[in-house]
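Handing you this structure, nothing more for now.
We just call them A, B, C, D, E and F in the order they show up, numbering each chain from 1.
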């Protein structure tokens, strides 16, 4: 009973809270990093170097008045942010943060597919938010978002196939173990897939330079134009949780999860004193930083260019990558 | 030896090069160079192969390049056979000898042609060498082919090349006609050959020579009956007759002389026409099992030999004489095969190849010198102008006449000897022919080279030598710049000399035992003519009869005597007393006319076969017009008549019915149209109703109807 | 490119034109003779000292009758395009004026299109750039509006102003067909002055809200209150205003 | 016991959501119920140990197909007045009755013929060299059912092209 | 409570199928009709999976994969048609889609 | 296929109000976009939301007070507006301005140009999504504001000129600070370029967007960088030199294709040219008074004139009529460059996507205070 119910529940509770806290600090990190990139300081007032901003921000959002537009579909309007946030959290169930059983909730044999499937549910939140707002800009934005998500989902899924081919398993833990056996991170054999997943991940999480659905200069905030307060903060949480998901997935798939660099090289075994979860979070942090960095640097794509990139460049490359991987796999 | 497939392929490559690229781009030199080089290479390979064959323990080598026709299971008389044809080449003594002949003589003739044809325009020149190479390719395929089908490829190929080369000057109607004639006549023979091949496969389930021979050797000898073997042999022989210009299909060969002389030498003397002989020899085992056909072969051979020789006696065209001589010599060869002396036939084939090629080339040289003049009556005294040609041709004539120790003597005597052992009557005819041969050959020599010059006079500007190689005469030979008879260039005399040497010494490989030799060639060739299994067991049987050496020498002496008589007669009639020949011709005008007109064979064919065919066709046309068209028209009228009846019926009865049905439908559809609401869901309800009915029926059947 | 204007100037009209673009402030060298005489002729009724209508509209004590349109001094050579314009359309020119280096051509509204077309198309003029269209209002005058077209040539780098005197309802043809740039400028003109422009494709208010009453730049437009309506019946105006407030609230 | 509870819970959810799908006034609500229905069916698949299908159900149905419905609904932008017009010739009531009757009959058949639910021995065990549900399914798809698989892929391609052609503005 | 057998799943499937049928027959909004069809397909899928489970034979699941593929194709084409139709007639009411009637 | 669907069934067109309160309309501009999907089929530009009647107002202010009003038009380039107005009045009154004053005016105008372009660059890049450039550009603009503050005490509406010269001479050491600023600015321009000029996304977003030919640009009355982007050599500083521009050596950058990218490049180049002008002016800054001889009571003779200068946005013209009797103008007309450039928005936008609309508003560089006046 304890093993089957209590421990997992505990883990889930810790995980959900951990993710939410991590999100708030990710937001802080984004503000700081971008500020540094723009040669300013970022939040400095709340706590030393503005660290407590991470706590103040959500409190502010929660305490704000939550406005429902008069002509909105109220049920949907409330449901949409939840639909957006829940999948982003559910996905963490299969992410192994460390090698030990303590560090993951569960390991299912279709873990990677599970992640893809559940994240694909997240699009409902955005579409329904746009639709339920009963307003033109959000509607436009949610149409954009859904088209963007669907098309980039195809590209990412196609790319993941080549990783699955390399690893020979769909289980997240299995993939890391496959890298351990192989002795190298899959980044070194699937660099193209890595780049594709990274780009696709940026697009799926609506991050710059693919943040069309919420491009404030064009669509005044996109699908959450009409949102405020708690419900807005849920979208906010969902976006950053998705960022975490993408980082975690990329780390697991390409950067050896919790493994140290070159897990087979005995000469590096002195690195083993560092616990596995530190490796994992370190790598994740690196990718979060990369995402923020990109946001600070690049202009925004135009919508048609974005779709062209997805359909005409990423998907063909992904298919080509699958073919090459399969051929190499068969030949070896 | 594994490279023997290259022997045919090399000339094939040359032909392809010249044919595809050459006609467009190659200069004369390059084209001739390619052709000669490929032939030379082929010759080298042949020599190597032959040497290796000589040294080999087991003198048979088959190289298969792979499947041509993959195995196809087929029902045959002897059960299930697989029809399988590999691209296989067989090198054994017989084919070894043949490839030497073909490549050797072919090479020489290529060299010769490069000079002889030098007045052709470039395109024609290249085309000529392309054809020539192609011919060599097919001939070598024919010779080396290990199965009937591969042989047949070569067989048909050489026929094609023969046609192409005879009609090489296609703008000349006679040449074109001659080509067609050769082609058509050959087809008659080929038809027999193909039927024979079919029958062979049907009988033995295989087409491989060796396997067929093995199988045939197991069958009883058909001495009395005319069984399947005899049929096969007869059919094959028909093929051989066509290809080797025997009675009754010899008519094409003299006409084939319309082609360029090297062609006559190569194809219509040395190689292609001997294919028939070769084929019969190749199937010696088969023929040995069918004595009746052997007799037929011998008879046909000797009659052909005699007939052709008689015609040759009176011909005045230098090439025609040689052509009939060829027919006659081929008859000899068939005679030899007919009496079971396959080795002798092959031997004669070889020697014949040498001297006949020599003679043709020599005649070509003369013709060349005489500005394309072929009539011997307009020659004479040529030995002064062209000594090399004269000497070499003289050697050739001596050889063919059977004067010892030239090559023809040994081979011809072998044949005569074996014939004598077999059938005295045939021997007599053969000897008679030998005499005639000697006569007409020397008649040729004397008319051409001796006596005074009877040809046309040539221009006075004798001294202007270099005009001969002026660029001016490249179109129609020497038509306008002929400076009288002259010796041919070294490229032409060279081959002549080589061949002359051959004609002198080729016989020494077969010096009979009676003369102290061991008849090496016969022993060399013998294994090719017997089945593997039968080779040893029936060895005794072949030694049918044996004369003493003395008797053999006596026979030789007799035949030499006959030949000497012929030569003497010729000398008498054409050198000493030339007018006597004319007297003879007038005295024996009827016979002379018959001979000059070649026994009216062509006319007879024309009157019977050609006219018959035409008449038959006309008759058929008449039948077509009167009977068939009449029937058709009658049918048409009947159809129209019945159509009217049907129309009436249709209009009032059928249409009435149809309209009735339509009316009923139209009226009835008012009821059903209401169901056609255009609402998809209503249709779905109907479908659901069907489901409901079905389930209900099931339920009723299950729980009530139980 | 930089040398082009000089040569053009030289070709057209040397002494005055070289100075005109420089403007008054820059041109310290040659003072373009103020020509007082011309000033007097152009402004005959300039006696009353009252400058302009006071906020109270009822007593405008002798508003100025019009701008001073001083004639050019006689010794000033006229630019080539004016000369050729005079030749081409002699009847179209009412007056040529010159002041502090700026040339102005005054034409009647009927001849406006012809003159402008000529100025745009003629080689020595080639005024392809319509810099500005505006007006000034002189209420006492019968033809109260001065509609002014500021033209510039990007090829020859000279300027000219064309002035049309038009009455309150006198039609002034639209020049959008000549310069698309005139579209909004004429809209503003109409919005602000209510000049009767004819042939404009899209004559709506541009700066003032739609449905605005009156034309604010007119001199007789009240300086207080929302519009002419207030002038005529203040109660009605108040009612309308309340009405619109209610609709907005709803 | 747990399975029983789970099954009945899921069944009620599935059927209830299905009824809501069919009866909802607002198309978008209907779609949302459909998604939930599909998610419940996915859970049912997990109960039946078909994890791969469960994931595919979510990925393709919920994440793909229904999103398409949603987008189309948003494009046509309906607010409930879609069913204004009713053709008088409709046979809805008959259809409803028939459907109910068939359901009852089927249920009857099933319930009464359920006596022999002894686990039928698996007809020959599929000789696949791989272990695990997903792997086995993949093995089957790419060996025995390769041709149907390819046909399905061609079908999808054709459908894709057809959909693009249909939805193009200019046609 | 009795043990859950395949019959239970089959009954569930039949019920779901019937709901789908009713949806198809009763509703007039073609998008809802499409969704009802999806429901019917799901009923079939449940049946297939249940029997695959019972027979311990994965062929049933293989066919579910195909059904899903076909459903995707159907949705794509069907929705394309709906869009085209809507563009022309401004409605998604199936009762007005009767242009094919005689 | 015949496209043109009947208006009855035309479901594709979506009308969207962009503004008057929208993040990227730079104030209170309202665009009524008619969209076909995401493509703009037509646009109606609506303005007047900050119409304050400055022209009317000026007719009731005396000549000096008006300077203060001109500050409020193009509020990001107030000094340029002051300059234009003062020069017009000086032309009308034929007042000679001391050379030192003209030099300082030039320096101020060019500093103002840099400041204005900084603001434009930041917002333009921000519209296209490059947020860092925004802060970089504003950082440098801040330095200029500091300089202005030191000179005249104000940071935005400077009121920094007077008819006949300047109210104040420059503070001690100010010229050195300007010099230092020039060095800083020169180093910063490459930073902007590094982030944008060769950025693929930036290129894709700006190249070939909003192309307008030279003829159309002239015909539409565009001015300033939009006109020069279409390769029309037109710069009032060169064509009709005012202030002290005829004494300096600088170049007028021209575009080639007339697209957004060209206009971007031109403005970046104008940064450098402005720095060049400022340095020359500082080098050659003459000594002397900064105020010319001006009557105590400004009262121009009756007459009218039009005078244009090159503001950062383009040709800023003033048309002033004086009746010769009052201490205020009879008619005060501004020819606002933003207004004329904004007229070019519609032809530029039609056919592009919504996302391009913001890029095009940015590239035109409008300030609504000037458009509406």
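The rule is simple: a residue touches a chain if its C-beta (ideal position, glycine included) is under 8 Å from a C-beta of that chain, and two chains touch if they have at least 3 such contacts.
None of the values given here were measured: they were computed from a predicted structure.
Relative to the C-alpha centre of subunit A, the farthest chain centre belongs to B. The chain with its Cα centre farthest from the Cα centre of subunit E is B. Of the two chain pairs examined here, D-E and A-F, the one linked by more C-beta pairs in contact is D-E. Rounded to whole angstrom units, the spacing between the C-alpha centres of subunit A and subunit B is 86. Centres computed as Cα averages put subunit B at a distance of 79 Å from subunit D.
Averaged C-alpha coordinates give centres for subunit A and subunit D that are 29 Å from one another. Each chain gets one centre point, the mean of its Cα atoms, and the points for subunit D and subunit F are 62 Å apart.
Listed for subunit D are residues 52, 56, 64, 75, 87, 90-92, 95, 99, 102, 106, 133, 169, 171, each touching two or more other chains. Residue positions of subunit E touching 2 or more other chains: 21, 25-26, 86-87, 95, 98. Residue numbers of subunit F whose C-beta contacts span two or more other chains: 12.
Within the complex formed with subunit F, the subunit A residues making contact are 34, 37-40, 136-137, 140, 208-209, 211-212, 215-220, 295-305.
Subunit B makes touch with subunit D in their complex at residues 677, 679, 681-682, 684-685, 688-689, 691-692, 695-696, 698-699, 702. If you check the complex, the residues on subunit A that touch subunit D are 73, 75-76, 79, 108-110, 113-114, 116-118, 120-121, 123-124, 127-128, 130-131, 139, 142-143, 146-147, 150, 153, 170. Remark: subunit F residues 47-48, 51, 53, 55-56, 59-60, 87, 90-97, 216, 218-221, 232-234, 238-243, 246, 301-308, 315, 317, 319, 321, 323-326, 328, 330-331, 333, 335, 339-340, 342-343, 372-373 touch subunit C in the complex. Note for the complex: subunit F touches subunit A at residues 14, 16, 22-24, 38, 125-132, 134-136, 139, 195-196, 199, 201-202, 204-205, 353-358.
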